[in-house]
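Shared between the two complexes below is chain A, which pairs with chain B and chain C, respectively.
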Partner chain A sequence: MAGPRFVADPPEAVRTVAIETLTALYHRPSGTTHILAPPAPQILEALAGRPGDADALLRRMEERFDLASDDAPNAVAARLAELEAAGLVRRA
Partner chain B sequence: MSASDDSSPAKEGFAPSRRTMLALGAAAASTVVTIRPAFANTAVSVLNCQIPVPSPDQAGNYIAADGSVVPPGTPGAFPPAPRPLTGEEVKALLHNGPTPAGLDADAAQAYVKYIGRLHAGTSGFTCFASLQMPR
Partner chain C sequence: MHRLELRIGPVSFRIGSAWQRPLDQLRRLYAGYPPAETPCDFTVRLEPARPWRRFVRPSLTITGDYWLPDTAPLPLSLGLLAAEMGMNLQMALGQRRYLLLHAAAVEREGRAVLMTGLSGAGKSTLAALLGERGWRFMGDEFALLGLDDGLLHAFPRAVSLKNEALPLFAGVVAERLGPLLEGTPKGTIRHLRPDREAIMRMDEPARPVLILFPRFGADLASAVRPVGAAEVFVRLTQASTNYVALAERGFAALTGLVTAVPGRAIDYANGGEAVALVETLWEETR
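Moving on, here comes the complex of A and B:
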């Protein structure tokens, strides 16, 4: 599957603060603040300055995490769609 | 969020592991909430705001394909936008919409990359930031 490639801004473009299980993220380029639940912060980290499609993203995350999902491809696509809508990832 | 754990006999058992379980969530779940600054409420002006490419202090410079501002005439780079782009046009471009009238399609992509690099204090930033707000 060769879907669209996404990229997130590099770490220096965001400021994050962990709030228990959530993450508050200030996105400097847009000046907006977002509250993220897992796995959104992990996805941003995996794509920070490193473009990749959904498959590449899954592989990167699998290197660090045991992923739990009934349907990983659809779940990741849904997460990417919301991050794109929020302006936190864009098509590379 | 359904965290359907791996219930098969574990490949790694309960051996100490540095790996963390991460639930990807259901497709319908939501993991992002955006906090809207007050200026996002001015929805009408958002679409009419303008973004000069490049900003006036860099007028005349070209825009490279990666969105960086380069000296005029740089090979492979595009001339400045003939007019400021409107918020509406940029919003469409950000969503892979049509190229605005009068613009070359490749140049428009470079302009969008330039706009994506805008930061607070540069001309057009507030307009761009407003466009980032989910409806």
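Moving on, here comes the complex of A and C:
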């Protein structure tokens, strides 16, 4: 399934702090603060400076994380759309 | 223009007024405070709303380094309140050296309690009550979080006691009280000068150990609930007037605070209950 390719800012563009199960993220280019729940921080990490479509993203995440849910593709697609709306990922 | 300079914690103000009386009231209220450090950080000016309003039904507007358009003029009888509002405004709009939190703070043994919440939640009254019961009062309006040291820095301005809180302080010596200000936008107000210890030790910062979200209500049962760090973070970004302006430094200071210091919401129906809750929770942080 070829779809749009996405990319997130490189690691040096963000500062993150774990707060309980969430992640506070400061996005340097925009000066905005975001509170993220899993798997959003993992998506950003997988796309940081490395463009990829949804399939590539899933593969990268499966290499590093145990995606427990069968519904992972849909969940990741939904989070990707939210991160694009928030300005944290963009189309490559 | 009449002038007065005043230092409250690390912030020096220069206050200019077209009338002498508000400055006399301010000088009396802040008796014993240290001299201002020049150049002052902020300027506040109380000026006639219209030139003839200096004499005819005098009404004043607040201006200064920072000001808001469309603020309603106040009668000269509320000049002291206007000066206080003017100082708040400069801090809220112009402070860049500290992360400014809309919060009260008290300290004991170098360990501070931060109390934040919506206007009317009772944080001002609670901080003032604690200040009369062995705690060092560090401020009732703004808490200053150091950007580099993560410590709370005192800003012990006069407390503005409102309406039903006034009888709770009937026992303090009269010279610590400002004039009774009736018909203000927040009802009847009377300012209380913090006690001698609060003034003497205003330059001593303290380590925050507890963040409280107090809620006062005559019908509320006394209660304590934990507030998770992420929620504390979000609520404090909303309680800060300069979080966005400080950019990454604000983020670093605030995440540092909320990941190190526990948050609790407390409900109380009277001051005695609230003081007991704060003391118990503060003990538990040891």
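We take it that the second predicted complex is superposed on the first by the 91 of 92 C-alpha atoms of A that agree within 3 Å, B and C clash if a C-alpha of one lies under 4 Å from a C-alpha of the other, contacts with A are read in each partner's own complex, and residues count from 1 in each chain.
One rule holds for everything that comes next: a residue touches a chain if its C-beta (ideal position, glycine included) is under 8 Å from a C-beta of that chain, and two chains touch if they have at least 3 such contacts.
Quick caveat, the model's predicted, so the values are computed rather than measured.
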Could you check whether chain B and chain C clash or fit when both are placed on chain A? fit
For A:Leu88, using the defined touch cut-off, is the partner it touches chain B, chain C, both, or neither? Pick first, second, both or neither. first
Figure out whether A:Ile35 sits in contact with chain B (first) or chain C (second), or with both, or with neither. both
Quick one: chain B or chain C, who's touching more of chain A? B
By the touch definition at the top of the document, which applies to A:Arg15: first (chain B), second (chain C), both, or neither? second
What does the superposition give for the shortest Cα distance from chain B to chain C, in Å? 5
Go through chain A and flag every residue that touches chain B in one model and chain C in the other. 28, 31, 33, 35
Contacts from chain A onto chain C in the complex sit at residues 15, 17-20, 22, 24, 26, 28, 31, 33, 35
Over in the complex, which chain B residues touch chain A? Could you list them? 2-6, 17, 19-37, 94, 96, 116-120, 125, 128-129, 132-134
In the complex with chain B, residue positions of chain A that touch it: 27-40, 42, 61, 64-72, 74-79, 82-83, 85-88, 90-91
Please name which positions on chain C make contact with chain A in the complex. 228-230, 233-234, 237, 243-244, 247-248, 251-252, 255, 258-259
